[in-house]
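In what comes next, chain A is part of two complexes: it sits with chain B in the first one and with chain C in the second one.
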Partner chain A sequence: MALLEINNLKMDFGKGADAARALDGLSLTIGAGETVCLVGESGCGKTVTALSIARLVPAPPAHYVGGEILLNGRNTLTMSARELQAIRGGVVSYVFQDPGASLNPVFRIGNQIKEALKPHRPARATDAEMIRLLKLVGISAPESRLKNYPFELSGGMQQRVMIAMALASEPRLLVADEPTTALDVTIQAQILDLLRDLKQRLGMAILLITHNLGIVGDMADRVAVMYAGQIVELSPAKELLRRPLHPYTQALMNSVPKLRGDVQRLSAIPGNVPRIGKFPPGCRFAPRCPVARPECSDKLPELIEVELGRWVRCPFWK
Partner chain B sequence: METAAPQPNPVIEQPLSPWQLFWRRLKRRRIALAGGVILIGLYAVSLFAGFIAPYRYDRIDDRSFFHPPTPPRWQGFHLVMPRYEKGPGTFNYRAVLDDTKPVHFFVRGDKYKLFGLLPASIHLFGTGDPNYPVYLLGADQFGRDEFSRLLYGSQISLSIGVVGILLSFSMGMIMGGISGYFSGRTDMVIMRLCELIMSIPALYLIISLRAAFPPGMSSAKVYAMIVVILSFIGWASMARVIRGMALSFREQQFVLAARALGQTHLKIIVRHILPNTFSYVIVAATLSVPYYILGEVVLSFLGVGIQEPSASWGNMLTAAQNIEYLRNYPWLLAPGAAIFVTVLAFNFLGDGLRDAADAKSN
Partner chain C sequence: MLKFVLKRLLHMIPLLLGVSLLTFLLMSLAPGDYFTTLLQNPQISPDTVARLKAQFHLDQPWYVQYFYWFKSVLHGDFGYSMAYKIPATSLIFARLWNTFLLSFVAMIMAWAVAVPLGIWAAVKKDSWIDRACSLIAFVGLSVPDVLLSLLALWFAAATRWFPVGGAQSPYYDLLTPMQQFWDRVHYLILPALVLAASSLAGIMRQMRSNLLDTLRAEYVTAARARGLGEGWVIWKHALRNAINPLLTIFGYSLASLLSGAFIVENIMAWPGLGRLTMEAFFAKDSYLVVDSVVMATALLVMGNFIADLLLAWSDPRIRLK
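Showing the complex of A and B:
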């Protein structure tokens, strides 16, 4: 049994006539101890997918129409509020994009870590445990840091504190939603190293959301590429980077600046991700696709397994 | 130990906490500090009112109706009070300067209860002889000492503001927090309720509510009633502001992070959203205390508040309604001056707190 199994998840924002489909038949599994990257442009549903695992998307407006999210074999879509509170910060923990905004500005660090420990492991909400957690995420002089306010820490330190809080309950799955986007490049590398190191030591699975393909090669076992509320390519990381199959993945990789070779104009994908509820008919990427054919706009392609472990939502992947 | 040995472990300098920064900015505002000091003084005096007041608030002396203030005089190194005798005409008093009694400290006098609990009869000062009265601020139409009544009245008038604020602000914060955090239908219902309450003219509501209670209520009951009525009206505006702040804070990532850690809704409201509104709430509370003080004054002035013989600044001012009295016995306006000073002090302090809470002012 996989740790996380999302099957054919369909979610709308709004109800009835106003309903706009945000996730459309999304399926994804994460095994214990596995790192899966979710990549795609802004607005394609990465964050909503991640938040859905612990039902953190505000509902309303979110409205789950179909599918299931099995976490440890139990469907979170049918859980009561109490069960969800036990899951959140228990089995699955989150680290968000902007660490400065994720910490409550008016409380000391120690106070907030204690809050994270209390609901799940009340007996261990001690100073010693907090110091252990801060050491685990590589914060120097943890004893004195407990008394600091969030604004007194650098962005990298804040993100380390957030990770410490996420680790407080020894989660099986850590969902990191663009954990390094708000940090500068050197700190970014440190945080990613930390995540990789923690994963090895604690044996937890990581769902890493990013739009930075550079991170993917470093971190991921498998990669899911999302576009307009659907997964368009799912593949082991190394193979995807070496030979992307879906035109969207190829376009994404072409827009990464290259350091070697002829200096050319940086290529970008023309146009924007279609707005939720305004998806084009047929293949959703067709209007922006460099190799689109007339028939692409007729029918929505299926996600098919074209090689072992490689799934593509494009009939013309060859 | 002046030669600094290299420290093995450099001490990490603890930066100032938000409260320390707040205090630092407040200290620079002299007027606010003065307001604060005046208020501390007023509240300390009202706490020990029974001890400091030379007489009880309901002690009637039929020989000294409208007695003017009696300043103590120096006789050598002693403070003395002269005897007063009635002069010709009504309420005309003359000091008999060669018949005096020294003012003593810690004299035995009227019985009272310190803090409403401990029976005592020692007063801070007095002559100990009813023929040589000490009327620092004169006496009222029943011959009761204005100064003593002012002190006893301050217990009601000053505490009503604090109790009222505690009641209305806790109610307003909880309702506003719930309203803003859950939004949707909950928000709709609570906000319409607030608007309903705010649309009723407060004074009419108070008077009609007062009419619903029996007229001969004890002062303690009337006090509780006034506080409850004023807070019942006052929480709505607070709830509206807190709701607006909660609406913006609930979109903040730290609320999402708290939810992702499995915190309950109640805990998120109480521990994450409301603490972020404190800097506003403290300022608003300070600036709203006068509203309750003046509310009591208005009600008592209209005769629906604290009843005689209990003293409050409002019902003491009732005696000063008469223009005749005001011209002849201006000392009856003393509670007005007390109200003026208190309200002003609260406003100065509140202004200073507001500036200190705003990090951008400096």
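Showing the complex of A and C:
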């Protein structure tokens, strides 16, 4: 049994006539100890997918119309508030994009870490345990950090604190939603190294959300590429980077600068990501696709397994 | 911290000087003075009036008057009320206390109702309770203090549950201390309620929108993601941050409460500073006018000062220098 199994998830924002489909038939599995990257442009539904795992999207406006999210074999969509509290932190922990905004500005670091320990491991909500966690994420002088307010730490330090809090309850799945986007480039590498190192030591699964294909190769076992509320390509990371199959994935890769090889002009993908609820008919990428054919706009292609472990939502992938 | 307190207190001095100077200037621009009406009285000789004027330096230009007033203030003497024929100091402080009492009680009433209602409306957004609160706020913001005061007077007169006007019974001095206390409470309730009702709506709306903002904040999502209960998330994480802007508003609301008190005091005959200022102004009891304005300004500045201290205490990011 996979640790996380999202099956055909459909979610709207709003209800009735105002309903706008944000996730449309999304399926994704993550095995224990596996690292999966979820890649896509802003607004494609990555964050909403991640937050849905622990039902953290405010509902309303969110409205789940179909599918299931099996975490440890139990559907989080039908859980009571009490059950959700138990899995939040207990089974799945989150690290968010902007550590400065994810830490409450008016409480000390120690106060907030203790809060992450108390619901799940009340006996270990001690200073010693908090210091151990801060050491684990590479924070120097952890004793004095406990008394700091978030604004007294740098962005990288804040993100380390967030990771320490996420690890506090020993989750089996760590969801990191663009954990390095708000940080300096040098700090980004440190945080990613830390995540990889922690994963090896603690053996948890990671769902890493990013719009940066550059970090996929370093981190991921498998990659899911998302476009307009759907997964368009799902593949082992190495193979995807070597030979992307879906035109959207190819376009994404061409828009990343390469250090080696012949210098080409960077190509941008023309047009914009379709807005939620305003998805085009047929294949959603067709209006921006360089190899689109007239029939692409007629029928929404299925996600099909074209090679072992490689899934593509495009009939013309060859 | 101590430095900040001292600095703010020192800042008050030029402000109060400026306010008093401006009030003297404006008073001097209006024609006549307190004794002008006495000239109409055939029983008082013009010589007497001139002598009285000289006694109060009213025959001098306004800046000389200001100088005399300022000199006596330095000795703790706020001049003499020509209309009441007693030193202004005793008058001012008794009235200042009444106004403070009225404003303070009204503020506590307003905040005690507005803050919980605002929280409730934000947490149950778009529910019937939220709509009901919006309606209350709409009515509260639209009905002027004057009308509310008149309605309260009518209510007091019609039911006879509350006294109409004044701050205490005529036989107040004959009561036991306990009875005196209840007598004052009895007189205070209605004006305080009117004053509270007028500021309640604004605070409630502000509380609601602040809390809605912080409920959308990322640290609230992060707190939920840690497995904390919803009540605790709202109480600790959202509310604690939503209260900060309200502390700033506290300073302003004291200002509006004071100006509201002017109206309520005048209509409901509450013997406070507002009413005294108004009476003194119409009688051209110039020293008393200046004293009242200065006192009201001081009260206002103190309110803002307290709000700043509260904000610094509540938000660790603010360091007072």
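Just so we're on the same page, the second predicted complex is superposed on the first by the 312 of 318 C-alpha atoms of A that agree within 3 Å, B and C clash if a C-alpha of one lies under 4 Å from a C-alpha of the other, contacts with A are read in each partner's own complex, and residues count from 1 in each chain.
What we mean here is this: a contact is a pair of C-beta atoms (placed from the backbone, for glycine too) under 8 Å apart; a residue touches a chain by one contact, two chains touch by 3 or more.
This one's a predicted model, so the numbers in the text were calculated from it and none came from an experiment.
Engineer: Taking chain A as the common reference, can chain B and chain C both be placed on it without clashing, or not? Answer clash or fit.
Structural biologist: Clash.
Engineer: Going by the contact rule set out at the top, does A:104 touch chain B (first), chain C (second), both, or neither?
Structural biologist: Touch partners of A:104: chain B and chain C.
Engineer: Report for A:162: first if it touches chain B alone, second if chain C alone, otherwise both or neither.
Structural biologist: both
Engineer: Looking at the overlay, what does A:86 touch: chain B (first), chain C (second), both, or neither?
Structural biologist: both
Engineer: Please work out whether A:147 is in contact with chain B alone, chain C alone, both, or neither, and reply first, second, both or neither.
Structural biologist: So A:147 only meets chain B here.
Engineer: After superposition on the shared chain, which partner residues are touched by A:232: those of chain B (first), chain C (second), both, or neither?
Structural biologist: So A:232 meets neither chain B nor chain C here.
Engineer: In the superposed model, identify the part of chain B that clashes with chain C, out of 8-16, 26-34 or 98-106.
Structural biologist: It is 26-34.
Engineer: Can you give me the overlap between the chain B contact set and the chain C contact set on chain A?
Structural biologist: The overlap between the chain B and chain C interfaces on chain A comprises residues 54, 56, 85-90, 93-94, 96, 98, 101-107, 115-116, 119-120, 149, 162, 165.
Engineer: For chain A, which residues count as touching chain B in their complex?
Structural biologist: Result: residues 54, 56, 60, 84-90, 93-94, 96-98, 101-108, 115-116, 119-120, 141, 144, 147-149, 152, 162, 165-166, 168 of chain A touch chain B.
Engineer: Please give the residue numbers of chain C that touch chain A in the complex, ascending.
Structural biologist: Going by the criterion above, the answer is residues 217-219, 221-230, 236-237, 240-241, 244, 314-317.
Engineer: Applying the document's contact rule, which stretches of chain B touch chain A when the two form their complex?
Structural biologist: Listed in rising order, the residues are 12, 14-15, 17-18, 184, 252-254, 256-264, 271-272, 275-276, 278.
Engineer: Show which residues of chain A lie in contact with chain C when the two form their complex.
Structural biologist: 51, 54, 56, 81, 85-90, 93-94, 96, 98, 101-107, 115-116, 119-120, 149, 151, 162, 165, 169
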